[in-house]
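Structure incoming, see below.
Lettered A, B and C in written order, each chain numbered from 1.
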Amino acid sequence: MKRLISTFAFAGAFGLCAVGAQAATLDQVKSKGFIQCGVSQGLPGFSNPNDKGEWTGLDVDFCRAVAAAVLGDASKVKFTPLSAKDRFTALQSGDIDILSRNTTWTISRDTSLGLNFTGVTYYDGQGFLIRKDKNVNSALELSGASVCTQTGTTTEQNVADFFRANKMEYEVIAFATADETIKAYDSGRCDVYTTDRSGLAAERLKLTNPDDHIVLSEIISKEPLGPVVRHGDDQWFDIVKWTLFAQVNGEELGITSKNADEMLKSENPEVKRIVGTEGKFGEGLGIGNDWAFQILKQVGNYGEMYDRNVGPDTPLKLARGTNALWTKGGLQYAPPIR
Amino acid sequence: MSLTFDDGTFIRSELVTPLPPPKRNIGAVAWMRENLFSGVLNTLLTLFGIALLVLVVPPVVRFLFIDAVWEGQNREACLGPEVGACWPFIKAKFSQLIYGFYPADQRWRVDIVFALGAVLLVPLMVLDWPMKRLNSFLFFAVYPVVAFVLLTGGNIDLSNFMLGHAGVIPFMSGTDTVMGLNPGFWLDYVLTALVFCAIAGGILALLGGNAMSAARGVGMFFVGLGIIILMWDFDFGLQKVETRSWGGLLVTLVIAVTGIVTSMPLGILLALGRRSHMPIVRLLSVIFIEFWRGVPLITVLFFATYMLPLFLPSGVNPDGLLRALVGVALFSAAYMAEVIRGGLQAIPKGQYEGAMSMGLGWWQMMRLIILPQALTLVIPGIVNSFISLFKDTTLVLIVSIFDFLGQLRAAFTDPNWATPVTLYTGFAFAGIIYFLFCFGMSRYSLFVERRLNTSHRH
Amino acid sequence: MADLAQATATRSRTSFINDPKIRSILFQLAALIIIVLLGWDFLQNAQENLKAQNIATGFGFMENTAGFGISQTLIPYSESSTYGRAFLVGVLNTLLVAVVGIFIATIIGLLVGIGRLSKNFVVRLLSSVYVELLRNLPPLFQILFWYLAVLSALPGPRQSISLFGEVFLSNRGFIVPRPVFAEGTGYVVWAFGLAIVIAVFVASWSKNRLEETGRPLPTFRINLGLIVGLPLIAMALTGFPVSFEAPELKGFNFAGGVRVIPEFIALTVALATYTAAFIAENVRAGIMAVSHGQTEAAHSLGLRSSQTLRLVVIPQAMRVIIPPLTSQYLNLTKNSSLAVAIGYPDLVAVFAGTTLNQTGQAIEIIAITMGVYLVISIITSIIMNTYNRRVALIER
């Protein structure tokens, strides 16, 4: 009875409603034929529409990888641009299926917001962007500075901790969107702009004269950025989690989008398991057995995704650093597929 | 004919032309002396005012027209030392400011909606134009449905109606569609309608009322609703455009028009409820009205975006724009109710008594006698609340919906157009647009007020 | 007899639901049931959703550490304060904008409203342009304009516009020297209080005297002398305990002094000038509502123009002006929530913004936020209604 009334009032009277989040996310995605992915409102390198209006970036590519795994077609993704403030509500309410929007994994977000983090696509840390002509070389010289930050992010709290721990005075001005924040910094309202270092590299490109600004070397926090799904849908959680693992394992085994087809003929048992010629690992996830092959073929492995969007050859010029594979001294490590 | 007397007395036959008044009482000089320089304070004020005008008007004109840049491809054009407004910036961003990210090849649909709105609105606003009744039916009932189909593409997904949802007839949740229509849904709809008619008729029959008319009333409601849903459900072959890609003036107008169209009937009902003799109805109306009037629109929008989804069953996710629309509609309905209540209070008691003595029922009395007079009385008030509604549409940018002002603000961050004058150009352009809309409406309201003001109060 | 029987028959045939009383009870009952069912339905859904998504509930979060900084705090607040404290900071910041904004808006509104009725053509023109221009632009547009186009265009702290080397204006805000209170300040405050008490007595005594003897006293000048003079004397006696700490450019920003942040300036100026346009219209309508005969009568009694305005017209106009003025004040208070667009830490930005984001408890936080505004509305209405009753025309 209770369902009846509100369904009548809202689903019946307003035609714009989407129905069906109570069904498992996987079934729902399969029946509508695409994945709804929450991304940022424009952060070069991570999620940003290009001149043709197509979404590009690391976070965007990750959603494509999930689509390749689930639907066998990396293009079956629709993107919802979200502000930092709205992102969790959008996921909670079922507006989106995955939130892939440089979101920091913390215990409170994981446990009390009704969300689950599925892994880390980018190991990051918070830094400061400052004008060169201020002649500041260390974050410890920032006492008395005005700091611009975005509300609803972990950076807002980290910066408070940092200044408090170092007994420095500061003034924080928090804005609702990244665009407002960078605009305020550009106009001189603040001395420094703080966010994840990857974000600093990206936002710097939006400044009037990017070369007048430098990123300070200090890293004041751990910011493991990763995709997020709703709490309580374990199957979907597994799929998203293993999509990333497949990409990392793919890089480890040297499977790329270019050689994926040849790898189908490989005799290496590890490769055979990942491309699906041996074992039925897709069944356990509720998707096709060629799921990892489709990811690697259509989107590529983790290294390709990184280099294409944020690597040294892109405007962001970010070195692999902590995001290198564990075999190369980095932190990217995936459980084996077996 | 003039009379002359022989005895030398003289009677003037025509009037002497009067002497002109003393020089210092007429003409420009005297007017200025009287009005502008009649005292020390007045003189100071005048000089101050003129100084202000001289300081403000010429630079503004120079900025907007004389020094302005009219042609250019990017910020290079507007970087000179003494440049005025950077109009190429507006030109480059114009389509975004109007349509947002609406797909370029589908924008003709938006144009049709704009044009249709203008065609229906103009005759509605010209007081002497005939066929007001048909016109307002078209504008308030047909236009929103047509606009909805054109803008979203129609062909909405419907799985099942109330009976299906309640689990009474589970077999209906099919997804195959015929011309965009889902047979399962429509079968469910018809059955539900019949069930409701039967229930209404049954209850009235039990109570000894007119069962047929009750059933007919409910039936009419379902037929009306059915036609609207049918239009939305039918596949006209239009490409679907999600509300996320709407933006700019389109969103501003959609919110304003929806607010206006929904707040009128809701406001009338609430005003009647507040004037009602039934204590519970009155109390509910008062609480509703005072609640929405007591909180800022931003909190209402926050409520709609963050809380509404929590209050609905977990399967129902109204679209982001729809949520904001619900918030705006409820908010403006409360304000509209107070305006209309003012009109109801101004109707003399004799009108009510007269209507009742004619044997009219309550609804008839309201519809035929009271409301037509009350609404006419408060047309200026209604237009004023439309103006504030129009201004309030800007607030949706705070909940990440890109209206006209939101698009403008997004355009400011484009490094391609980052110049010292970009901000001022954008604000000048948006200011002119908003001013034209609001000032136009307020002048119109004054005009209507004068036209309809046939009574002589003093 | 036959007629009567027929009438009874007709009555028994018409159902009891055609009885207006029963009908109204049934109708109300139905309305109530629908509302209760809907409310119950909403609550059930909310409970279910919160549980399914593992979202915390209850007001316990108010005790937790907030952990974020706020750029303007009227009460002591640090990152280690609780969310409850952050909430209080937000409420006070909202009230600050409201009070300062209302003060400025009333003054400008009064001046412009009188200006629109001025005989002086230039004054009338300027007042009309002011009202029409500001009234017809969205308040959010005006706030953004002041913030982005006016205040951001000011020079940085090092190049700030300075007045006597004591007062500075830059894109970091408006900085004035901070008064430092030494011992003995208490006496000055007491002297000030005393002066006000005496001033009230003088005012009522002189009013009585005027009514009895017809001789006016220059009350205003006497009271001004009292209120300024007494504290000055007290200061001189205690050896000027108040000194001023001038702001100094140190590192990035000014150290010392009181800083009014640009977000506050933009918000207050924009809201005050916007609301003033509406107040001006109320004032004009109020003055026009005073019949012209009153002015003529006052003139024929020999009152000067300024006296006519002050003693005859304005007291009568106030009765018409007060009710709409109340709603303008409330509007300004509610519009202060637009602060969130420019990063001024008001109630909505601090509480319904940052706190909501960190805790995710939308229902509690939005309910509290709305509750605060409702309480402000109700208190303002009560105060204004009381005042309204006092100035209302008592006809004999």
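Just so it is clear, a residue touches a chain if its C-beta (ideal position, glycine included) is under 8 Å from a C-beta of that chain, and two chains touch if they have at least 3 such contacts.
Note that this is a predicted model, so its numbers are computed, not measured.
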From subunit A, the most remote chain by mean C-alpha position: C
Chain closest to the assembly centre - both centres taken as Cα means: B
Pair exhibiting more inter-chain C-beta contacts, B-C or A-B: B-C
Whole-Å gap separating subunit A and subunit C, where each centre is the average of the chain's CA atoms: 43
Length of the line joining the C-alpha centres of subunit B and subunit C, rounded to whole Å: 27
Whole-Å separation of chain centres (CA-atom averages), subunit A against subunit B: 40
Subunit A residues counted as touching two or more neighbouring chains: 6, 85, 89, 92, 176, 180, 183
Per-residue multi-chain contacts in subunit C, two or more chains: 42, 45, 52, 148, 340-341, 362
Sequence positions of subunit B contacting 2 or more other chains: 306, 309-314, 398, 409, 412
Of subunit B, residues touching subunit C in the complex: 34-36, 38, 42, 45-46, 49-50, 52-53, 204, 207-209, 277-281, 284, 291, 293-299, 302-303, 306-307, 309-314, 387, 390-395, 397-398, 405, 409, 412, 423-424, 427, 430-431, 434-435, 438-439, 442
Of all residues in subunit B, those that touch subunit A in their complex: 101, 148, 152, 156-159, 161-162, 165-166, 175, 225, 229, 232-233, 242-244, 305-306, 309-322, 398-400, 409-410, 412-413, 415, 418
Contact footprint of subunit C on subunit A as seen in their complex: 2, 5-6, 9, 84-85, 88-89, 92, 108, 111-114, 134, 142-146, 151-152, 156-157, 159-161, 163-164, 170-176, 180, 183-184, 187-189, 191, 230-232
Interfacial residue positions of subunit A with respect to subunit B in the complex: 1, 3-4, 6-8, 10-23, 31, 41, 53, 78, 80-83, 85-86, 89, 92-95, 176-177, 179-180, 182-183, 186, 205-208
Residue ranges of subunit C touching subunit A (in the complex, touch as defined): 37-38, 40-42, 44-45, 52-56, 67-71, 78-80, 148, 152-153, 156, 171-172, 250-253, 255, 262-263, 340-343, 345, 349, 353-354, 357-360, 362
